[in-house]
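Structures incoming, each one as structure tokens.
Two complexes come next, and they have one chain in common, subunit A, joined by subunit B in the first and subunit C in the second.
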Partner chain A sequence: MSPRARAWLPLIGPLVLIAVWSLLVQSKAVNPILLPGPGVTLAHLWNATVGGTMGADFLATLSRTAQAFAIATVIGVPLGVALGASESLYRSVEFLVDFFRSTPSSALIPLFMLFFGISDFNKVAISAFAAVLVVMFNSAYGVMNAKRTRIMAASVMGASPWRIFRDVLLWESLSQTFVGLRSGISLALVIVVVAEMFIGSENGLGHRIINAQQVLNVKDMYASILAAGVLGYLLNVGFLLLDKRIVHWSGRA
Partner chain B sequence: MSALPVGVNAAPVDATLPPSARAQITIRGLSKRFGDAPLYEGFDLDIPRRAITSIFGPNGCGKSTLINMVAGLIPFDRGEVLFDGKTLRQTTIGYVFQNYRDALFPWRRAIDNIRYPLKLAGRSKPEVERRIEQLVASFQPTFDLNRYPYELSGGQQQLVSIMRALAPEPEVLFLDEPFSALDYEMTLFIRDRLQQVFIETGTTMVLVSHDLDEAVWLADTIVLLTRRPTRVAELMRFEAPRPRDIGTLTDAGFTVAKAHALGVFQREVRKAEGASR
Partner chain C sequence: MPSPKHDVQPDAQPDTRQALLVDRSRRRLVGAAAAAAGTALLGAPAIAQSRPKLAIGYWPIAGGLAFFSAIERGFFKDAGLDVEAVRFAGPNQVVEALIAGRIDGSANGTASTALALGDAQAPGLLKFFATNYANATHVLDHIVVPKDSPLKTVKDLAGKRYACGPGINNITLAKAILERAGVPDPKVTELPLGQLLPSLASGQLDAAYVLEPTAVIGRRQNISRILETAVISKYVLGDAATPWHGGAASLRSESIQRLGPAVPKFLEAYAKGVDYVRKAGVEANQYLKGYTAVEGDLIPEVPLSGYRMFNEMTPADVAAMQKLFDLFAEKKVFERRLMVEPLMLKA
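This part shows the complex of A and B:
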């Protein structure tokens, strides 16, 4: 296959999806009230974004996700690196981290409502809590898996434990930290959308999706789901690009 | 040129001798066991100054473990290692790892890897740059030092490692099988550079090698080790004049020295086989 033809390959999946979607609608295999066609849905997404409030909801969700993620990063990375640097410290909290990492964060939403009410901060707090554990765990893991030879190389050159930490361990952990940040921001988005649905909210994609469903505005529901998908995808791709730029040696050294 | 065994000198450091006549590194009563098996038991060795010393021995006798203990990379159970009567902490050493890929810092450019030990030592910016210029002049790398290590070939990376290890002008340079992951052409080139630096600076070097040709060709003293528990089977001198070149490999003196070392090596391997039966 020529490189030119190869470049078109990623388009095949989406085209097949749209074709199957159209077929389902046109053959009336699915009740048209429950599933509008792809053309109508995409047109609605466009109109709601250009002339409607989709943009505002998109930005509201993005803003909450970004705040939650910022909190998770500021707490999770330094804490994770510190935990990773001390094996005994890590072992002593390993069970707690693993336990709460395995607990579905959505199960804690009612608990957070007790403490923070139905404020906007609540949505950010629960989402930050979910992300912080993933970020912390990965940073700790990155430090613990630092190449022994690199640590020895720095130590034999006379680096103090603090310099080894700053000049070697932090850098060594960056690659794994980025894995954590990428999972963290996806998780933050998931929890923000859930929180927008079930903790009283005036805006955001989660709020929009559940509202549209309740008044059977299915076009808007599908369009909002697509918008949430676009947001998640862009965040993921953005982080991949950032990862490649910052951790330029990843996978090559 | 001769290949005379000179025997093990286990005398304590003689402080009355001038420093130039004293051994640079004195290892006394070094002991190390892994689990129940003793690897070293009361091991003594003197490593001469301003000379290249090769360490050669059967597989598993702990050649790398020996220099790792001397360089402070792994702890030992008992014994003492002194550098000119000083402890390791008071001594500047350089260390070249077999695995250059894991030893270099991939987040720093090659040149910044070389600068790193100088910055650690707190040298001023002009001092650092002057030292870098010296290193570039003596190694004459044919590649761009502003590249990242992963953009360089294996040999180029190992050359950067050696430049980094030599940057702070160490009193001793340790090399742990530095050529074993390189192709033959690069090995010859780097060996030659290393010898050149030795001729220019007289830096004491300790080389672990599993290649007898290389161990003899580079060295002034060859330490032949036994199987574990490891002792010195023989200390051998090889006194061919420097610079040595490819031709040295076919000199009569080299051939005699190598044959002698091989004889000692085979005797030790057989002895161990006999003992285990």
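This part shows the complex of A and C:
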């Protein structure tokens, strides 16, 4: 396949989605009042973004997601690396990490409101909590799964444990850390949207989705869902690019 | 009842060679079973014709008590109707199911504004045949404050931390109460319903707009007290005695056509449910169990809704309901003004 043809490949998925969606609506398999067609929805998304308040809600959700992700990264990466460096330390907290990783964060909303009050920050906090576990877990495993040969090579050459940690383990773990960061940012977005829907909020895509649902404004509801999906996709693409630049040796060593 | 059809099917289409091997008694058995299946199949439509089937959607809140009572006391069965109660997580899901044609109607307790929005999206979708209302007599809506709060009236809420349940319906009403009470530019925080009392208890809030049974729970747990009651009637509708027809029971127009003579029977049986609640009082609350989350010793404390069947609605009732709808149009929750009168089932 020529590189030019290859560049068009990512478009196939969205086109199939739009085709299936329009087929569903046009065949009247679902009531068009409850599921508007893709054309109408995309047009509404455009109008709401250009002339309406969709942009503001998009930015509000993006801002909360970014805050939650920043907190998760600042706490999760160093903690994960530290835990990974000492396997016995990791084993001692493994239960907690896996326990909370499997607990739906949205079920912990009451607990977070207890600590963070009814401020806007509780939405960021609960999302950061969900993301930090994924980030930490992956960073720890990155360090633990570092190639033994390299560690041994460094140690044979007389490197101190600190030097091995700094020059070998940290770099070795980066690839896995990036996997964690990518999953973490997607999770942060999902939890921010859920929190905006169920904790209540003055803005944001989740707030928009729940309000549109309540007044049966299905066009706006699906347009907001699309906007949330686009946001998630863009964050993911951004991370892939960053990953390629920073961890350029990934998979080749 | 075991279905003979299922028992027969594996043997009913045997391979020819196998069929020859089947011994006589087995063949007799298969024959008898097939005959039974045939009878059951022939009998089924006859039964369906004699007992019209209706699926009625409900939201698990106390406002649906008249419907729950009618089912549990067998009023529908006595009228020869097979009524199925279908539970939904919220009023919007009930409305979506009505639009999609998955249910024939909604029980009381389904938000009247949500039903009206459904009818606006699919014109002629449904008719209201009963409403449930709250006012100073049938209490439902309050503003509650922490039990030791120094606040005395709704007017004192200016600049205070005030919250309500999530969603645009709650926000619109919670804001309107304060605005009409004379509080300029009120701020309302949305919180999950279950978080309103804990937030009052922890001092994060000064007041909240709540529906029952939240105020009852708050009093029993010694967290909150009612600052003012019937706040929608008093402030939004202008008089504490005016009924706030917040919920409605409805039938799909298509189902009304399909059911024909069964409709009056259904309405009569439903009216018996309403009548039972009116006469039995809080004793009727026993039927909240299983249909709502209310359980145990909370059951007798849940206040009763008032009900109006379609043939009891007065012009004043329609006007009060219209006033509520107009607030939603004024606040741009409705895209345009929606009218109550055409939505009501005519006697």
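The rule is simple: the second predicted complex is superposed on the first by the 241 of 253 C-alpha atoms of A that agree within 3 Å, B and C clash if a C-alpha of one lies under 4 Å from a C-alpha of the other, contacts with A are read in each partner's own complex, and residues count from 1 in each chain.
Note that a residue touches a chain if its C-beta (ideal position, glycine included) is under 8 Å from a C-beta of that chain, and two chains touch if they have at least 3 such contacts.
Note that the coordinates shown come from a computational prediction; the quantities given were computed from them, not determined experimentally.
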{"item": "Combined model on subunit A: subunit C and subunit B, fit or clash", "value": "fit"}
{"item": "Partner chain in contact with A:153 - subunit B first, subunit C second, else both or neither", "value": "first"}
{"item": "Touched partner set for A:29, first subunit B, second subunit C, both or neither", "value": "neither"}
{"item": "Touching partner for A:171 - first (subunit B), second (subunit C), both, neither", "value": "first"}
{"item": "Degrees between the directions from subunit A toward subunit B and toward subunit C, using C-alpha centres, nearest 10", "value": "150"}
{"item": "Partner chain(s) touched by A:198 [first = subunit B, second = subunit C, both, neither]", "value": "second"}
{"item": "Which of subunit B and subunit C A:249 touches, first, second, both or neither", "value": "first"}
{"item": "Minimum C-alpha separation between subunit B and subunit C after superposing on chain A, in Å", "value": "49"}
{"item": "Residues of subunit A at both interfaces, subunit B in one complex, subunit C in the other", "value": "none"}
{"item": "Subunit A to subunit C touching residues, read off their complex", "value": "30-31, 33-34, 109-110, 113-114, 117-118, 197-202, 210-211, 213-216"}
{"item": "Residues of subunit C defined as touching subunit A within the complex", "value": "92, 95-96, 99-101, 114, 117-118, 121-122, 161, 163, 165-169, 189-192, 194-195, 198-199, 202, 204-205, 333-334"}
{"item": "Residue ranges of subunit A touching subunit B (in the complex, touch as defined)", "value": "147-150, 152-153, 155-159, 163, 167-168, 171, 174, 248-249, 252-253"}
{"item": "Subunit B to subunit A touching residues, read off their complex", "value": "71-73, 92-95, 97, 99, 101-107, 116-117, 120-121, 148-150, 164, 168"}
